[in-house]
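The structures considered in this document are given below.
Two complexes are shown next, each including subunit A; its partner changes from subunit B in the first to subunit C in the second.
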Partner chain A sequence: MTTVSSTLGRIVDGRQRRKSRWLFVIAVLLVLAAAIFALTLVLGQSFTPPGDILRMLLGETVPGTSFTVGQLRLPRAVLAALAGLSFGMGGVAFQIMLRNPLASPDIIGISSGASAAAVFAIVVLSMNGPAVSVVAVVAGLGVALMVYGLSFRNGVAGTRLILVGIGVSAMLESFIAYILSQAPAWSLQEAMRWLTGSLNGAQLGQALPLLVALALFGGLLLHKARDLDALRLGDDMAAALGVRVGQPRVVVMIAAVGMIASATAATGPIAFVAFLSGPIAARIVGNSGSLLLPSALVGAVLVLAGDYAGQFLLPSRYPVGVVTGALGAPYLIFLIIRVNRSGGSL
Partner chain B sequence: MTAHSLSVSRLSAGYSDADILQGLDLAVPPGRITVIVGANACGKSTLLRAMSRLLSPHKGEVLLDGKSIHRMAPKELARTLGLLPQSPIAPEGITVADLVGRGRHPHQGLFSRWTSQDDEAVADALTATRIVDLAERPVDELSGGQRQRVWIAMALAQQTDILLLDEPTTFLDISHQVEVLDLLTDLNHARGTTVVMVLHDLNLAARYADHLVAMTQGRIHVSGRPEEVLTQETVRQVFGLESRIVIDPTSGRPIMLPIGRHRMADNSQIKEMQP
Partner chain C sequence: MKADSLPTPRRWSAAGRSNRNRGLFLAGLLLVLGLLSALSVGVGTRDVALADVLAGLGGRLDSIGQAAVAVRIPRTALALLAGAALGLAGAIMQGVTRNPLADPGILGVNMGASLAVVVGVAWFDIASAQAYIWTAILGAGGAAVFVYVIGSLGRGGATPLKLALAGAATSVAFSSMVIAVVLPRNDIAGGIRSWQIGGVGGATFERILPVLPFLAAGFAIGLLSARKLNSLALGDELAAGLGERVALARAVASLGAILLCGATTAVCGPIGFLGLVVPHLSRLLVGVDHRWLLPFSAIGGACLLLAADIVGRIVARPAELDVGIVTAFIGAPFFIWIVRHQRVREL
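This part shows the complex of A and B:
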């Protein structure tokens, strides 16, 4: 009898320890994101006293601050945080669902689909503003559907989808290169933004649609978090646990693509954030509890920190996508080597 | 424990359009251990997949207490019928207790929190499979035999009255195979869990089965008590193999000794070798 109750005690302890670790990680990531967010507001080319920023945020007009912070730094930081959250959560949802860290949207062509459509819209159709974003989101969804359709044979296997995605992605990249080679100088600047991902020229107006997409699709993903968790044990096991395997897949797919494409529409495809966030989050959380929130926060930290570093910490100014790209490429190589050796999954 | 009835009636199923199972009938004896054997590609795994709803039948039905399982809510089914598939995946770095806890999924609603009942189910499952001491260890650090016990513990935490297992002893060495089968027999005796499993090893199947089912070409060739099923004739018809059947001095169950084309000894040689 004592052994049974002590076993129970150990189970409860262990579970609570895992839970508090998860909460602790969330708290640390939140604090970290908030700190970089604050840093972006306070310290740029010049220092702005936090008091001034607070007054401005409360609605006062503070000469100088209202422009540098209100017009430049605040929109930038808000957009960075929202895009980072979207990339992080959307990316990990894909990686979990297909049980492969390579299954991130920036590798299987969803980001390049959105970019290609945006570049086409800007250069060839002379579109601008929100219309471009809409085109990008629709194209992202379209490419996702196409990749899914092309890799469908008795259900979709992760590896097949990834290979098809990499092929589609390469095709889209060459399409982008072709369009750019034909582009007149005046639209080149705008089009370039869609290639690396940048927060230059961020406006607060862009934040609202992104926030709506994040709330809607993010909510949908969190709602499916438990099913997603079960899917990590394999489709058969998940089905044995009472998960409808087909249905959550479709919902997760749509929600994740929606998030990624909306973020891409706002900032361009910030390289590798969707790809890196999940595995980093898994490392820190130690793989218990849902990865969706930790990964979203890691994404926000990556974009905020990457953008700040690109602006102020490096010898010359780089768009955020260049910084995250430099981080992500070595990891991609590492991962391909490791997956080759062990066939590891997320 | 209420004994649930599980049966298959005129079931045709398979992948794409091809029927691997062809109008198969099977009644699983409640509270007993049923073992399915057969040659490669005879449809054993397909049958198990159809019985656990991983596969939709083209024709016929799988009935749980008289109701078609394909018309039941997935979670409702998962509270009565559990399945351990052939190759489940353990997420990297997950601990044993955490993984076993995943078995509680069908008992948890959308917003319901983890309850003390869930903790008890996990503790119970770890105790029954004797892996309490491994509870906080990462699953990927365990040996194959330990890992298989973890998966069985997970299926136990699901607390189903019926448990289906697809080749639970594959990749295990002989001592771990026996250990897993002993464990499943313990569960069957202690809790009355109905066990249905696919096994490759005919002798282990005959030893542990209450009810032995031999399949060939998508149909049930013969089923019944191991003594009735494991005969020279069955082995010839199901596996295309000549064999001799002897009685296991330990269990009194039949043992199949294959006769190949080589290494034949005459009686005098065998007598010399007797200890």
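This part shows the complex of A and C:
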């Protein structure tokens, strides 16, 4: 009797400990993201007193601040945060669903698909605003289905899916290069945005469709968080735990692609954020709870910090995608080494 | 028993290929090559009359058309050389790694050469053509060793999928580093695309000349290792049993491929997928005997790159499409097809 109650006690105890650790991680990440966000607003090429910013945010017109913060820094920071959240959450959803850190949307071609569609919509069809996001989401879904379908052969093997995705993304990147070569004025700025992601020239208007997509698809994903966590254990285990394996998978895929694609339509495929956020979050959170929210916050921190570093901390100005790309590239190689060495089949 | 008295391995060529057939294929391919070269000189952004083309070939520079032809001649020459080099390098790599997915682009070798050159230019101020080429070859070699080591870690050694994955990931990573290195340098940032996507536009004989010795060495080593590759195709144990020094054979053949890739990338930038497609198509024509396969891959590579370059000049008029974009369009579906359909095992 006593052993049973003590076992029960230990389980309850452990559950509470994990829960509080998870909450602690969330809180820390929130504070970190907020701090960098605030830093982006306050300190750029020049220092702006927080008081001025507050007054501006409350609707007053403050000479100088209204331009530097209101027109330049605020849209940039807002877009960075939203895009980071989207990439982080969408990326980890894919990684969990396919149970493979390499199966992130930016490696298997979904980001390039959304990017290609966005470039096509903007350059060739002269579209702008939310319509571009819609096109990007549809194209992202199309590419996801295509990659999945092409790698389907008696089930989808992880490695085959990734290699097919790499092939598809090579084609899509060629397509982007082709469209850019057709653009009336080829500018390095624009090209960088659609190839590695950049926040230069961010406008507050771009944030709205992204916010809507984030609320809609993010809500959907969080709603499915429990099923997704069960999927981490494998299809059979998830089914044994009462999850209908097929249905959440479709919902998760639509939601994740929706987030990734709408973020891509706004900022371009910011390199490796979707790929990095999940593993980083998993390292911090451990097995203490769902990865979706922590990964989204890690994504926001990465993009905010990457953009700030790219603008001010490095010897010359880089678009954010180059900074996150330089971070992600070695990790990608490291991951391959680790997986190969542990003898995993990937 | 001498190695050359062995029957050629015939897994792919079910009915066997008589040398007469292969000779016919060779003649046909050379004819195609000639036609494509003529087309490459005659076709481009600007329409040039036939008389002007002929006059331009004769070295006259009296009209714009003739001047255009004078620009197209070195371009055609470069496309021929680069295509042959990449086709041959692809065939060698597929033979050495016994991997149907091997290609200088997919295995990250070209991107390694590109990254090395970019780093050299941006940080070490290399400027001479010779320095470019040596740096590119070093980069190609480094990347090849790196990818092979990563891909062969763990159980099962260097399986095709592991190797391809390691190569593709390395390639993505290098490509990202190329941007990071080049972007802050305003003086070279404009050319950033040419170090990510290869092309043969803007070729001059002055730029082609310095790589010729390297390419020649690469071609020689590559073509001469055909017999060794045939032994390797039987498997390491059998090859060793036949008296082949397996490691040495691999190293020499790889050196040839690396010379070819490095030298090509130093002039053209990284061109992917060509070395994947060409050997597979050549194998369909002449079977798996490397003594035929290697020269066929070289000529086929030249044909394909010329064709891709001509297409790139036509589809995006008045702009031009870098040939690396076109080869990716052709090659990526092929790559997917191999990943999907072929039993991806050792060749």
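Convention: the second predicted complex is superposed on the first by the 310 of 346 C-alpha atoms of A that agree within 3 Å, B and C clash if a C-alpha of one lies under 4 Å from a C-alpha of the other, contacts with A are read in each partner's own complex, and residues count from 1 in each chain.
The working rule: a residue touches a chain if its C-beta (ideal position, glycine included) is under 8 Å from a C-beta of that chain, and two chains touch if they have at least 3 such contacts.
As the structure is a prediction and not an experimental result, all values here were calculated from the model.
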Clash or fit (per the criteria above) of subunit B with subunit C on subunit A: fit
Partner chain in contact with A:229 - subunit B first, subunit C second, else both or neither: first
Which of subunit B and subunit C A:301 touches, first, second, both or neither: neither
First (subunit B), second (subunit C), both or neither touched by A:11: first
Contacts of A:162 with subunit B and subunit C, given as first, second, both or neither: second
Contact breadth on subunit A, by residue count: subunit C or subunit B: C
Superposed model, angle subtended at subunit A by subunit C and subunit B (C-alpha, nearest 10 degrees): 90
Which superposed partner A:282 touches (first subunit B, second subunit C, both, neither): first
Which superposed partner A:143 touches (first subunit B, second subunit C, both, neither): neither
Nearest-approach distance, in Å, of subunit C Cα atoms to those of subunit B in the combined model: 18
Common interface positions of subunit A, toward subunit B and toward subunit C: 344, 346
Subunit A to subunit C touching residues, read off their complex: 102, 107, 150-151, 153, 159-160, 162-164, 166-168, 170-171, 173-175, 177-178, 181-182, 188, 191-192, 195-196, 271-272, 315-319, 322-323, 325-326, 328-330, 332-333, 336-337, 339-344, 346
Residues of subunit B defined as touching subunit A within the complex: 15-16, 49, 52-54, 73-79, 82-95, 97-99, 101-103, 105-106, 108, 110, 114, 119-120, 122-123, 126-127, 132, 135-136, 158
Contacting residues of subunit A [partner subunit B, same complex]: 3-4, 7-8, 10-12, 14-15, 18, 99, 154, 223, 226, 229-230, 232-234, 236-237, 239-244, 282, 286-288, 344-346
Residues of subunit C touching subunit A in the complex: 101, 150-151, 153-155, 161-162, 164-166, 168-170, 172-174, 176-177, 179-180, 183-184, 189-190, 192-193, 197, 272-273, 316, 319-322, 324-326, 328-329, 331-333, 335-336, 339-340
